[in-house]
Amino acid sequence: MIVPFDILILIFLVVAAVISLCVKDLLAATMVFGAYGFLICLLWATMGAVDVAFTEATVGAGVSTVLFVATILNTRRKSTD
Amino acid sequence: MTMSDHLPVLILLAPLFGAVAVGLFGMREPRVCLPVTLAALGVSLWCAVGILLRIHDEGPLDYFVAGWEKPVGIGIVLRADAINSPFLLVIAVVAIFAALFAVRPTGERESGKTPHFFILFLLLCTGLFGITITGDAFNLFVLVEVSALSSYGLIAIGRTKRCKVAAFHYLIMGTVGASFYLIGVGYLYLKTGSLNMRDIHDILVSNRSLFGSRTVQTAFLFILIGIWTKMAFFPLHGWLANAYSYCPSSSACLLAPLSTKASVYVMIRIMVSVFGLDQVEANAAWGDLVVWLAVIAIAAGSTLALAQREFKKMLCFLIVAEVGYMVGGAWLGDSGRWGLTGSVYHLLADATMTSCLFLAAGTFAKHLGVVRIDDLSGLFSRMPLASSGFVIGALAMIGVPPTGGFFSKFYLIRGAIDAGEWIYIAALLGSSLVNAVLFFRLFEIAFFGKNPVGFHREQGPIEVPSERLEPPFHVLAPLLGAAALVILLGVFNGPIVEFIRTALLDPVTIVSEAR
Amino acid sequence: MILTIASIALIVAGLVFFLGAAVGLTRFPDFYCRTHAAGKGDTLSSLLVISGFALYQLGEVHDLSHGWPVLLVFLKLLAVIFFISLTSPTSTSTLADAGWEDGIDPTIEPGRENHLQEDCGKRRS
Amino acid sequence: MNAKLSATFAVVFTGAVLLYAVSDFPDFGDPRSPANHGVSGGAPSASVYYIKNAYHDTSVPNLVTAILADYRGYDTLFETVVIFTAGMAIFAILRVLRRDDSGIPAAPDPAIDGDHHRIVVGVTCRIAVPLVQIFALYVVAHGHHSPGGGFQGGVMLGASFILIALSTSLRHALGRLSETSFIRLACLGILIYAGFAFLPLVVGRNFLDYGALRALFGTDGEEMARSHGIFVVEIGIALTVTSVMFAIFANLSSRGRLHGGL
Amino acid sequence: MTSSFHDWIVPHFNAWVYVIIMMTGLWAVIAKNNLIKKLIGLSLFQTSILLLYVSLGVKEGAGIPIIDHEAAALAMSGSDDALNPDRFANPLPHVLMLTAIVVGVATLGVALALCQTIYRDFGTLEEDEVLEQMKTLHDDV
Amino acid sequence: MTFESFATGVGLALLLLMIPAVVRLVKGPTALDRIVAVNVIGTKTAVLLIVIGVVFRQVEMFVDFSLAYALLNFTGSIAAARYLHRAAQRGEETPTGKETN
């Protein structure tokens, strides 16, 4: 546990979460959600949860963003809210 | 150690291996799907019977996965006792009925998806067996997700547009519910340091102040809300009607009888084995509140059912009302535990009668193309055997002796009298009355309705000749089987209730270690 | 000791470049400039910082027979450097290209409008 | 607007209830909290047992792997089943088996014609993909001693196939791992896990008790048998996860047609 | 005020952030109109639960839950202090959350597939438009 | 001063230097700007993982997934770029960079 890291990352985390919900462009929203994944991976690392961080890194960086983008390709990029 | 010691794990390994076998061989040769499914469920049925007999003879059965027995709580334990072993049997039987019904699960046009259907079907059975038999709070979550994901697939496998939206709503609600459950388990873990149900119970009992602490109370609340979302308890019932009425009939016959009942079972299991009946009943305010909620749920479910014109939707809202019965009964808190016993017994009765009614609804939809109540006219003359099965299911729903529905209501009312919850009795009787009105109207249409009407996909309602159109054997057999089961449950209610109630009266036998 | 000092120097240099990249990311006028700052600055400074740590790890190896786990870490850090230098520029350049596809126009310096407009027109069509 | 207001109300209520409980929590990072140490005056919690004994029981230094695949291996079996279920559900929902589907034209397949994307990304992926795959295998195999294991390695392997698809085309990637093969592989993964866990039943021990398979592995103690058992299980997880991750991508990106797409 | 700050917020700041993220996610699930936005909210909601659990396993001054070579050698030689529980973070929540992450990805995949079929059938991803079309749908059941 | 406390300082500095990227994430104005900011955060994450490993004195455990991270980091960007390419190919309305929020 490294407390100063922890606090900064948590702040970033909340910002990223809110941004990913506020942006109307879904492509941007999903990419920001990817950044949220990166940050949360860092958070697990600072808490000493290496395996969770590893999983989050592979899933967040490798898979979930791509799945979102694939869905947006087959649907629509704009959102009304 | 003989094979019969491994029954608690074999019961869910059988459908799991069945799913794998369907995946490996069924893709190329779809004809093997049904035999493999039936064989797997047959093994499960055999295991369920074996478990029931063993528990009857020797008391509760613990199975320590991977052999981690001591100290308590390091491994995962499977636990079969008087509460869940009858339910295991009912799951196996209802699943076999649904599999027989689902010979061509998704219709002609999408027949390429038959193996997918049966894989998901078997995985759902795996999940349900697992939910029922596990003794670990977190493992329960994983298995709930197995069954939830497969049921989303089973609902959305249909061809209609609506089932996709219904599945999406179900997914959102189901995931939120499961996550609430997970939060609750997290709070419990935070206070007790354990995930094993028995271990949590022992810690809470030996440490009375812990149960009153804010964290444990919040945990209890969140677990309850999560499970209520999963079981479509009244204010949270939004997903149920669309999901079960727009999905393919073959899926509905498995989902509608078992999914919500499994959640009700989970609630009872959490009350009995995690928090302990004594602690739960000590907080009378909670009990009163939940009984009131249940009364509202029963009233709302019945009212909404009255307003429906589609047969399956009407049944769905009746399920909402039935969930109200069971939740209310479980929370009555009478000293003789008649309410809780009635709840557990109603779980079994309701699973079989819902299975019977949904099989009937599926038969009418599949073989007559009828979905609306008004189009059922002339039904009896055309499908005498199938409609007699349907009548038995309907009578059980109303609560006519000697069906299981009558006796479960009897025990629930007995518990309510002991607990002095008159409003609950009123709701129960009122709802029975509504059921009677609904089904006798249906009988009237089906018996005396003049021109028999069919429904053609393109041309809409058309007149059809009124000759006999009895469905084929593989559809008729499960329907009549379910009807017979409803009556059997009613006839043998005495020993079953005795079996359950003895265990509930002395919760120590349920909670503490098996010999 | 020398390795430690060298590693600290590398890390500090990396931080300086990171600062440059950060300033560029906030202050530059348009998408392409920001991509430039982010891509180049970040890649270089990541390389510097990680090689600093790698050197430090090398300093921990006292004798080769027992130090092989640390040596392995050193090699893995070099691999991280290699991969970052492989993937980070790729993604930046692809993103710049994608920005063009998405219709983002570069900010044009006064006096060079014609030149760029012509260029833009050629590629967009 | 009304819906948003009621949503806000419900959410604030939920949050308030959760925060109400927070004041009762043990402090963040408290090594004596019930979860970390056990209820005061009671038996030590399970995690203390794990830290003290997992290495002796399984001879796996990574405690998370030891718990994941042995003590709570039953959970992990169903975690793998969850992934498998998701893959099958996506096939059931999305896969288009008929030729003439609703008229939305599929995107042309080899669509990246000789431009920037193909050259830069193609070359990078050509270098990166084999490295990702080798590294993924390392992660699967090395999960005993460092973070990693079947799931992480499997996701990386799946991501490597996704990278192939992204840098060339989906058809090209499906040439490496076709539809029937990935369904089979997913089933095979489950079969390896569940079947291997079933073996101890044959010698009369409980499900998942790898220690009983000492004779099979030819090891002296049960703990080494457990260690090897965990490895076999990880391979099963990795197979399922790899194939399902790629299957999900292939279906989602091409709208269930398995051609065209992202 | 300050005392409640020190008692209620400072020792539990992780719990506060978890509740905030959970509220954000849940709000998005209920109130957002776009289905993909709902799914992002759902993922946030699930991640916040991971935060709750992983925070439970943190110990002040403890390392990661992997036994290093020295400790392993010491433990093999029978030393009792080598595997002191205070030296390693609690591994159990990590195991649970690995499972939860997997469940999250699986749910996300299925939900995205449903989104695509809904778009194929209704031509929109806005929930109110979908519900509007549902009302006027003549669909064979 | 030990090397670990130095590494803590480096990590803090890196996190503080992440603030401009987060600001870019908030301000936009285009989707691509946000994606670039995400990329920056991703690269910094790979470095920070190693820094955290040094602070924990167990770099050998952390370097593994820093490696995985460095390898997979660009998947998201490639997918986004590929998406924009496809969208342009299909001739859809390309939401331009003018659009805010």
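To keep things simple, chains are lettered A, B, C, D, E and F as they appear, and every chain counts its residues starting from 1.
Keep this in mind: a contact is a pair of C-beta atoms (placed from the backbone, for glycine too) under 8 Å apart; a residue touches a chain by one contact, two chains touch by 3 or more.
Note that the coordinates shown come from a computational prediction; the quantities given were computed from them, not determined experimentally.
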{"item": "Interface with more contacting C-beta pairs, comparing B-D to A-D", "value": "B-D"}
{"item": "Between chain E and chain B, distance of the C-alpha-averaged centres to the nearest whole Å", "value": "29"}
{"item": "Geometric centre distance via CA averages, chain E-chain C, whole Å", "value": "31"}
{"item": "For chain C paired with chain F, centre-to-centre distance based on mean C-alpha positions, whole Å", "value": "11"}
{"item": "Junction residues of chain F, two or more chains touched", "value": "30-31, 35, 37, 56, 60-61, 64-65, 67-68, 71-75, 78-87, 95"}
{"item": "Residues of chain D engaged with two or more neighbouring chains", "value": "18, 23, 25, 29, 33, 35-37, 46-47, 50, 62, 64, 68, 72, 75, 79, 82, 85-86, 89-90, 93, 117, 121, 124, 128, 131, 139, 146-148, 151-152, 156, 159, 162, 166, 248, 252, 255, 262"}
{"item": "Contacts with two or more other chains, residues of chain E listed in rising order", "value": "13-14, 20, 22, 26, 55-66, 68, 92-94, 96, 98-99, 102-103, 105-107, 109-110, 112, 114-117"}
{"item": "Touching pairs among all chains present in the structure", "value": "A-D, A-E, A-F, B-D, B-E, C-D, C-F, D-E, D-F, E-F"}
{"item": "Touching residues (chain side chain B, partner chain D) in the complex", "value": "1, 3, 6, 9, 13, 16-17, 19-20, 23-24, 27-28, 63-68, 71-76, 109-110, 112-113, 116-117, 119-120, 123, 126, 130, 136, 138-139, 142-143, 145-146, 149-150, 152-154, 156-157, 164, 167, 183, 187, 189-195, 203, 206-207, 210, 213-215, 217-219, 221-222"}
{"item": "Complex contacts: residues of chain A adjacent to chain D", "value": "1, 50-51, 53-55, 58-59, 61-63, 66-67, 69-71, 73-74"}
{"item": "Residue ranges of chain F in contact with chain E within the complex", "value": "56-58, 61"}
{"item": "Contact set on chain B toward chain E in their complex", "value": "138, 142, 145, 149, 152-153, 156, 160-162, 164-165, 167-168, 171-172, 175-176, 179, 182-183, 186, 189-190, 195, 245-246, 310, 365, 371, 457"}
{"item": "Residue ranges of chain E touching chain F (in the complex, touch as defined)", "value": "63-64, 66, 68"}
